[in-house]
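Structures given as structure tokens follow.
Below are two complexes that have chain A in common, paired first with chain B and then with chain C.
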Partner chain A sequence: MKNISAILIVSLFFLGCKKTQVAMPDSSQWALFRDGAAAPLPYATRQAMEGVYDIAGNDNFGSLAALKWSYVVNGNNDTTYHISGFFGKDIAYFICEGKQLNGQILLSGYWRKMVSTETGIIRFTIDPANGATVLLNPSPVLPTAIILDGLFGNGQDEPKNSITLSHNRPLHNGAAPFNILAHRGGGRNSDLLPVSENSVEMILKTAELGSTGIEIDVRFTKDGIPILYHDNDINLRLTQKSGLVGPIENYTYAQLNAFVRLINGERIPTLRQALSAALYKTPLTFIWLDTKYIGSLERVQALQFEFMELATGLGRPLQIVIGLPAEAQVNMFLELPDYNITPSLCELSLADVERTNSMIWAPRFTEGTQNENVAAIQAQGKKAFVWTLDVPEFIEQFIRDGQFDGILSNFPSCVAYNYYVQQ
Partner chain B sequence: MLVSFNISTAQQKVKNERLPRRKPSFVLHAGGGMSYYTAGISQTSVAIPGTLNKWSPAATLRLMWYPRYRLRLGIESGIANFYRYNVRDPDGEGKVTLQAVPVLVVWNMQVRPRWNIYAGFGSYFLTSWLDYRGKVRSTDVVLGSNVAVSYTQPINRRVSAAAEIKLMNAFETKDAALTLQLHFVWKVFQWD
Partner chain C sequence: MIRITFYTILLLILSPAAYSQDSNFVAKHRAIFFPYPMYKEKWRTSLGFSFLTTPEDITEEIRLRIPCGEFTVLRKISEKVQAQGRVSFQFLQNHITAGVHYVKPINKKFYWSAGNDIGYWFGLLKIVEGFNSKASGWLTYPSVSFGWMTRKDLLITLKAQASFNLYYQSENGENKFVSTQKYYNGEAFTLSIEQPFYQRKHLLLAFSAISNKFYWQTWSLFYKTNRRVFYPQITVGFIL
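And now, the complex of A and B:
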């Protein structure tokens, strides 16, 4: 009996430690959506579809959904548009592609809950009488009744559960743009996303999750190449087994590129690759370069200026700031030429914000909403962000009671829902 | 729990065999053999297929304090390569070896005449030896343990030979290797 108990305890221990993997469903099997006559949705249609929708027919996702489009540019400059639906229950969302066929609008994709491993296929149809005719007009006249008739399933099962979304109102749009910032490029791996944190693949995906900007972690290789990597050492939390151990700064970029793969198989990106992906392939408008090392910031500053100029040349709104998380980084920043005109974000005191002439103050969320300090910063023409908010109740509270211009989170879809459904 | 149950059973059996009263001593174990990497790494994602080598020579050095009672205490070190492999890309070919040097506190008990079990806990000094567009030696210290079983054959009053099977487990990095070794066991000092 003792032996059986011991075996059970040991088994439970190992099973309890096993990381759960989420297998994303294959949503490409809907014959109607794959019909050769199905055509992309025009820009005006996509824009008119965005909004806050009432949910009926199912309580799996809550009572409201915020629908918003994003895009990603693929390798051959082919752009894919996704409509994301952010729900208020269990940090759930769906991501679909859209097409039109015979006067109908079709949406096909998957849904996912971030508090569990639940996921499945989801499909929507907008019939001509339910708003498709108006939406497909070259100049859609709104408001109009838009009803999305949907079906969703679990895992790879054929979707059979009905869900109906009815357009209620436009997305909330505040007086100033609100920044939904994704931590470590999109979210930690603990969120069981299919791509690794601080990877180009994560940056390409994050707008689907509701992000308007990203925070990424910058370190240097032995040969002085700025790369994206969070921890001090090469470890199993971030990388696959490679035989390489110790500080990442011990290796050149060529060595890391040849031997190390991130936890989901991607290569460690250079900062240049990351900025290039964000600028040319996503709609992201804000990049926070969190400095995870002690050393000169000149190379980071040079890349920052280079990519802001490229964005300006493209007429593309993109703000890139150097993060200053501690006194050591502040001192390095103050040694930079032109530091006072270098866009930066300071996580320290208001006095440090003034000393570094940072354009953004970013206190930790545990300090509370600090509305008076936030108002004082905003009165100087600066902005205030708060980090890192992951608990849905806190996200809701900070959006409801706070005055911040942006929130950094591992769950940007939860921030997006709470921001966009505001009345 | 399973280990403690087996140990208590074994203790009773050993007691019944009326072993002679022991004299405190220091005993040195030194030996070598082969190790095989047993943790999950069927093929690293970047390795040239077929170049992953999990076999390696292994060595152990252990100093034990044998008191009058049955539970002995000591320190153990050694060396083994967990694995090594090659990569090739347009810029050239390279190789990496992951080497482990344990530094562990070890407990030992004789469970039957000539049969001993060992359990250790401490650190593994892991070293990467990389040769690709420059050489790098990089080290990390991680938590780990080991368990071993040995059979000892006395040669004379102070010297024995032992065969030992041991699992090295650097659990913090999920690296593990099974080793089979022959040991020279020398009673270096004994109180009369």
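And now, the complex of A and C:
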């Protein structure tokens, strides 16, 4: 009995300590997609493919999907385009690349459910008779019937389950742009994404997940370099074992760069690297700098202005705001030169929004949709965002019943789905 | 293997009804977790507290280690059937269970019980600025316990408990959603020891390994997913 109890306790301890991981499937094995004659899809084709689709043949993902393209710039003249499908069930999505071959459109990638660790390979074809001919026309004439014949599998298994997507209507597009903001640069480590929170790699990936903007956490190194890092200390939640412990502010950037790697192997990025990635390599239009430290905001403000000017010079819409989560940050903000014209986002009361002349009010979701307060802020020409909204039922309600201009979430794909499928 | 399991179950069912009531038991072992029949007693109660450790990879720097008060009461229905009630209270979030358990001796050393409890939890977060949240839910907890009475007045119990979510309701401001989805939530294994320690006072100490999709103490911290989360918990109780 003693032995059995001991074995049970030890087993439970080890099972409990075992970290859950998601093995991302390798979707590059589809011979047809790898055919040397397969060519990229033109811009007009990609644009015409976006929309809300009915799902048939399988109930694994719900009844509707919102399909939207995004891009990431890899280098000079090298851009990768992804089509993402956002589903209404289990916070599921797929991310595929697209090609054309012999008059067919091919999509190859993977799917994932954020409520679990389920993932797998997914592939679609659009036959000439199912819309490919129209879509590949240099000027696609819409609306046209588009049918995506798909197969998906579990894990690394060859996809065998069928799924069919039929174009229903265009994506919802409100009168004013709606901000789908991703927490921690795109998502948290606990949601088992293949890249680490608050990393450049995450920022490059986040548009695939439906984001139009990001929230990132800013701290300073010992030598005054603003970096992206959420927690107070170097810990195993965020980083691999390095031998360094204690507050991250105790180390210089050179030390962190040399010895610390984020949980998926990336380096801790400087704020400059993060802003540069967002500006030059992604379609993101909004960056929320969440200040996680107590100290002068001057260096952050300088980078904020520098990158907003660069964006203006490129003709690229990009708003960068300093987040003010608490009274301490408000006081630091009010000490800044030109704070009055510095774009900021205030999480506190409406009076604090006025005091700081913030352009955005961002209350916590736990107080509800607050439509009267949101209307009052919008009447002043300001915007209202809500954070951090992760419960799918509440995301749906806030989009349906609320008046917010944006939602910050760890599940931007869920926000994207609920926003784009609106009638 | 199937045959062995069958004979084990048969042995448990047909085992001698009772090794006569141990009149010394009550004086020696006022047990709460240990599955011992209530021959002469009508009530057993304990008061204590538990500590749950929340998972760092999900709750991040928020490490919830608020002690949770625990009050347990057993009420005799018949010698081998007991009603059990438990209140777990943290003021802002509380959990109440009530159920019936069948208790049976296997021999003089070993005992077992099986039963089911229905649980209701509710949480309220309105005292902090920026929060206007409340939530509640119903669960059911079937369980089975095996007890070993050692020679040194030490009672060791291993309890396996499953949980099924029956109902969940959450409100934030004017927004509300209700889920009546019923699903297997997870299981908990508890190893408890109960022993007299000072002037015939009895202490219980329990270590639980809980693996759940949803745990009521974390309702305000993060969104439930289909993934299991591991929670270690320690319970200390004074048997009254």
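Annotations for the structure displayed:
The definition used in the following text is that the second predicted complex is superposed on the first by the 420 of 423 C-alpha atoms of A that agree within 3 Å, B and C clash if a C-alpha of one lies under 4 Å from a C-alpha of the other, contacts with A are read in each partner's own complex, and residues count from 1 in each chain.
In the analysis below, a residue touches a chain if its C-beta (ideal position, glycine included) is under 8 Å from a C-beta of that chain, and two chains touch if they have at least 3 such contacts.
Remember, predicted model here, so these are calculated numbers, not experimental data.
Aligning the two structures on chain A places chain B and chain C next to each other without any clash.
Look at A:N173: by the touch rule set out above, it reaches neither chain B nor chain C.
By the touch criterion stated above, A:S116 is placed in contact with chain C alone, chain B being left untouched.
Once chain A of one complex is fitted onto chain A of the other, the partner contacts of A:R261 are limited to chain B, with no touch recorded for chain C. When both complexes are overlaid on chain A, the residue A:Q380 reaches neither chain B nor chain C. Using C-alpha centres, the superposed arrangement gives chain A a vertex angle toward chain B and chain C of 50 degrees, stated as a multiple of 10. In the superposed model, A:N250 makes contact with chain B only, not with chain C.
In the superposition on chain A, A:V391 contacts chain C only, with no contact to chain B.
Touched residues of chain A, counted separately for chain B and chain C, are more numerous for C.
Once both structures are overlaid on their shared chain A, chain B and chain C have a minimum Cα-Cα separation of 7 Å.
Taken together, the two complexes place residues 5, 9 of chain A in contact with chain B and also with chain C.
Every residue of chain B that touches chain A in the complex is listed here, in rising order: 1-2, 5, 41, 44-46, 82-85, 87, 89, 91, 94, 96-98, 126-128, 130, 132-134, 136, 138-140, 173-174. Touching chain C in their complex are the following residues of chain A: 1, 5, 8-9, 12-13, 15-17, 19-20, 90, 113-117, 189-190, 230-232, 237, 363-370, 390-391, 393-394, 397-398, 401, 410. By the touch rule above, chain C contacts chain A in their complex via residues 56-58, 60-61, 125, 130-133, 148, 156, 158, 170, 172-175, 177, 179, 189, 191, 207, 209, 211, 222-223, 225-227, 230, 232. Per the touch definition, chain A reaches chain B in the complex via residues 2-3, 5-7, 9-10, 222, 233, 235-236, 240-247, 250-252, 254-255, 258-261, 265.
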